[in-house]
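For reference, the structure discussed in these notes is given below.
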Amino acid sequence: MTATDTDIDTETTEVSTAETTDASETARPDGGTPDAADSGTTDATRATDTSGRQSPAVAATGPGTDTLLQTDGLTKRFGGFTAIDDVDFSVETGELRCLIGPNGAGKSTLLKLITGRHDATSGAIYYDGTDITTRRPNERVDLGIGMKFQVPSVFDELTAYENMRLSVQRTHADAHLDEAILDALERIDLAARATTPAGELSHGQQGRLEIGMAAALEPDLLLLDEPVAGLSVEERNEVADLVTELNDDGIAFIVIEHDIDFVAEIAHEVTVLHGGEVFREGSIEAIRDDDDVRRIYLGGE
Amino acid sequence: MSGKRSGLSRRSFLATGGAIGGAALAGCLTGGGSGEETVKLGIIEDRSGNFALNGTPKYNASMLAIEELNEEGGILGNEIETFAPDPQSDNQRYQQLTRQAINEENVDALWAGYSSATRETIRPIIDQNEQLYFYTTQYEGGVCDSYTFCMGATARQQLGSVLPYMVENFGTDIYTIAADYNFGQLSADWVRVLADENDANVIGEEFIPLSVTDFGSTINNIQDADPDFVMALLVGANHTSFWNQRTSAGLDVPMGTSTVMAQGYQHKRLDPPAMANVYGGFNYMEEIPTDRNQEFVSRYYEKFPDAAYINEEAVNNYFSIKMYARAAEAVGSTNQADIIEELEKGMDVSAPEGDISLQGPVHHMTHNMRVFRCDEDHTITVEDEQQISEQFLSETVGCNLRENEETTQYVPADYYEEADATQE
Amino acid sequence: MGLADALDRLRRPFEGPNTLGNGRAFWVGFLVVLVGLVGYPIGFGSYAASSAALYLLYAILALSLTVIWGYTGILSFGQVAFFGVAGYSFALLSMNLESALTTMLALPVAVGIAALAALVLGYFMFYGEVRDVYVTILTLVVALVLNTFMAQTAGSEWTVGSVALGGFNGIPAIPSLTFGVGETAITLDGAAFYWFTLAALVASYLGLRALVNGRFGYAMVATREDEDRTEMLGYDVRRVKLLVFVLGGALAGLSGVLYATWGNYISPSVFGITFASIPVVWVAVGGRRSLLGAVVATVVIEWFRQQLSATGSQYALIVVGVVLLASILFVPEGVVPRLDAAIRGARDRFGASNDAPEGTPE
């Protein structure tokens, strides 16, 4: 597929280790997709992968590797329109990846494919050592994937406390439930608003609540779809702090955002999506300076 | 919440407390039924819902009978009171109202229900409370019940009047079309029994669900089978469309029936010649030309000038109320057990249809059956007339309520090979 | 202080934001009403109790709809299907096996059959991803198909064991519930049947209160609000709906057996469209998100309908229809929640006690 520097015999772990140390320097001027090296699989191994259950690509994620999530030739078509086109995309354990790109690039679609809201037309998704391509959304959540939707979707009529309870009760027994709920609310600084109906919280508070609810499920990977859209500068900072804090605790993130400053604040690495394909990957600085990226944004930021 | 609950209690308290108090007193005095001062009759007939057409004349005729009795001093010198709610053609309503009639209103006798389903719904309540009950609609027959008196003609009586006439006049090949439910199926069983007794053959049988309004295929089947006559046991509003459809299709084979015209007066509701060449076996139609009947008819319309028709069961209500009154007078009280015993001795009754009699041991009537013919102008003429008694219980089953207490419904399939559908 | 604390702890599992009426005042009122209901047959006699028992068993049917519709968002017109299936099953079981022991066992077995029917139908609907409005249509169709089918079982060939299904006429002479064997057996008629039904209703009500205020109740409410969101919290919403639907089927079945033993009779009309629609009226008027609302509305509406027909009114059904229309237009959340909100509002205005629950009332 692409010319890579990776030697056919190189140990996958070695490659990934190498990648994490110079993650900020992996922008490729030739525009090729660098994910072959990032994910730690080789062309040869992928070529022999006939999507059997325990394919080497699966083994490339999960315990023993640093790769948490990997998509393999992931494609999604809606009728005649191809939203995601043969995407190989991966995220490492504990990484904070931002996903950017112009409108219609397929960012939300990619996230929905990962969470299971959409079924893939073809290709595969591997997560933590498991092929999750055909798994139901709630099963993926149990495996450790969480999501915050683009549109605030807390349960309006339930209080913040009750909303949080829905998450917390999945991982806590009745005996410690109340304590755990209040703790979780504390973490997102909403303990004072515990008895307020979620529909009456401010936009920013609702967003924090959603992130908090997703985090309370103790995921390894959190997907955030435009978490700071429409928020004030102060609220935006609060979200940035929360996300960084959670990331420090070990949760990997994929964050879709348009706000480049926000991205710059939090991202380890950035993936640019365009026309359903991975266009670029690299550090935020590299991406910012990239002419091609600027062009696809039509002279954007 | 609490407010609503105590509202419920308060009302019931007044009604029930009063009734219990009164009943307790009365119970000491008479050992059953209401107090000596009044006679109360329960008349529970449909005046709304599915069976409003059939139930309203029954209610009317009952009220006429009671009014006439009251004009002559009532029963045992007491004015007759009524408990006459509208059960809305709803069997659950019938259950509640029957219980109310027996336990709260303490009726001395009960007339209730149009369909057999209704009768079967309330019969357990009747039996449990040993309540004297008159069921007045024509029905499939077979009810041998210590507390129930069936005043309508049974299927065997009706078919027994019209079927032999049809065989004699038209031939021995019979095609049966019947409503696909209990009454229709049991009546079809009786057609087979009677065909066998009259050396005729049922060459085809069709059961039509009550909801059907399109008889195209049925009419084709009849034309293909080419019978000498058809027995049409159709029931309900939807089946009424059969008559116009068969006329349009040019199907002119004569048809015998035990259901249409006398109950739902199709010959008045449909334009001629929809009911042409239809022969019905009934104990009563409004058109009976005797002086006695025409006098009754004019009394009825004087009280109910806007009434549509007097159906056969209305008349059954009428004469049975008067029959009850005579029994009460003979016994000298409204004690239900005594009245039942008196009735079981048998009684001759003068009814609008003619002189008929109560067969005491089986609680059924010997009726003055007629074969009525409807012509192209929808004029009704009487073609044949004979007294036909209830036979199935009295002769075949051997039901004798004078000697045995019973609450059973018997079916012909258990007694006649011809009637047993599982033998087909 | 000990007793009050103990009582407070006792009522904790039955309280929460998902039910109206939390706090001491409510429970005291509840106990008072309960005592009144228990004493009703003593005060008003066996017949009155027997009449009232019908309303109480209907209330259990209403609860079955409330828990699946108001709490989980599944509008089913088919609760009467399980009601009737259990009633018929009880009749066929107890009348074929004619002994006091089997009549006792026939109750749980019939309820089990209804639950099984709900499991099968629910599985095909929810795991087959049948959407909202089609669930409603499908459940109604099931009831109507049963109506048509049972109505044509009149012939002698339609017999299970020694019991004829009876077609339109139904099955009469169904034995009453009997507990115990031989000499000491108690047959439930009149007041005894009333108390048994009351116990069943109270047990159902309290059980559901505990359920909806517990963790599964939260999953139900979340499923009602937003299925996709709930799935993203890791809940298998298909399973939640199926479990609730089976519970609803079992409750409807319990109500059906009680009905069959109340009137000692059952017929296909229990599957008909009129009776299928009535629980929706009860629950919509009473407040579909309120267990208490369902019970109160059922008792009041059914008592009212009975009064209308007893006075010979031809307009009974029309009045019920108007009541339903009016409640949907003016009190869409239901009468009991509206009353509760009004009481709360009055209390707040006069700055009264602190009996408010931790969460907000639904």
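To keep things simple, chains are lettered A, B and C as they appear, and every chain counts its residues starting from 1.
Everything below uses one rule, namely that contacts are C-beta pairs under 8 Å (C-beta built on N, C-alpha and C of every residue); 3 or more make two chains touch, one makes a residue touch a chain.
For reference, the UniProt names are A = ABC transporter ATP-binding protein; B = Leucine-binding protein domain-containing protein; C = Branched-chain amino acid ABC transporter permease.
Predicted model, so just to flag it, every value in this text is computed and none were measured.
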item: Chain-chain pair with the highest tally of contacting C-beta pairs; value: B-C
item: Chain closest to the assembly centre - both centres taken as Cα means; value: C
item: Distance between chain centroids, defined by C-alpha means - subunit A, subunit B (Å); value: 77
item: Whole-Å separation of chain centres (CA-atom averages), subunit A against subunit C; value: 46
item: Whole-Å separation of chain centres (CA-atom averages), subunit B against subunit C; value: 37
item: Subunit A partner contacts - residues on subunit C that touch it in the complex; value: 17, 215, 218-219, 221-222, 225-226, 228-237, 358-360, 362
item: Subunit C partner contacts - residues on subunit B that touch it in the complex; value: 1-2, 4-5, 8-9, 12-13, 16-17, 20, 47-49, 84-88, 90-93, 95-97, 99-100, 103-104, 115-117, 120-121, 123-125, 128, 180-186, 207, 209-211, 407, 411, 413-414, 420-422
item: Partner subunit B, residues of subunit C touching it in the complex; value: 29, 32-33, 36, 40, 43-48, 50-52, 54, 148, 151-152, 154-157, 166-170, 172-173, 263-265, 267, 269, 274-275, 292, 296, 299-300, 303, 306, 309-314, 316-317, 336, 339
item: Footprint of subunit C on subunit A - complex, ascending; value: 115, 117, 136-139, 141-142, 146-147, 149, 153, 155-159, 161-162, 165-167, 169-170, 174, 195, 197, 213-214, 217
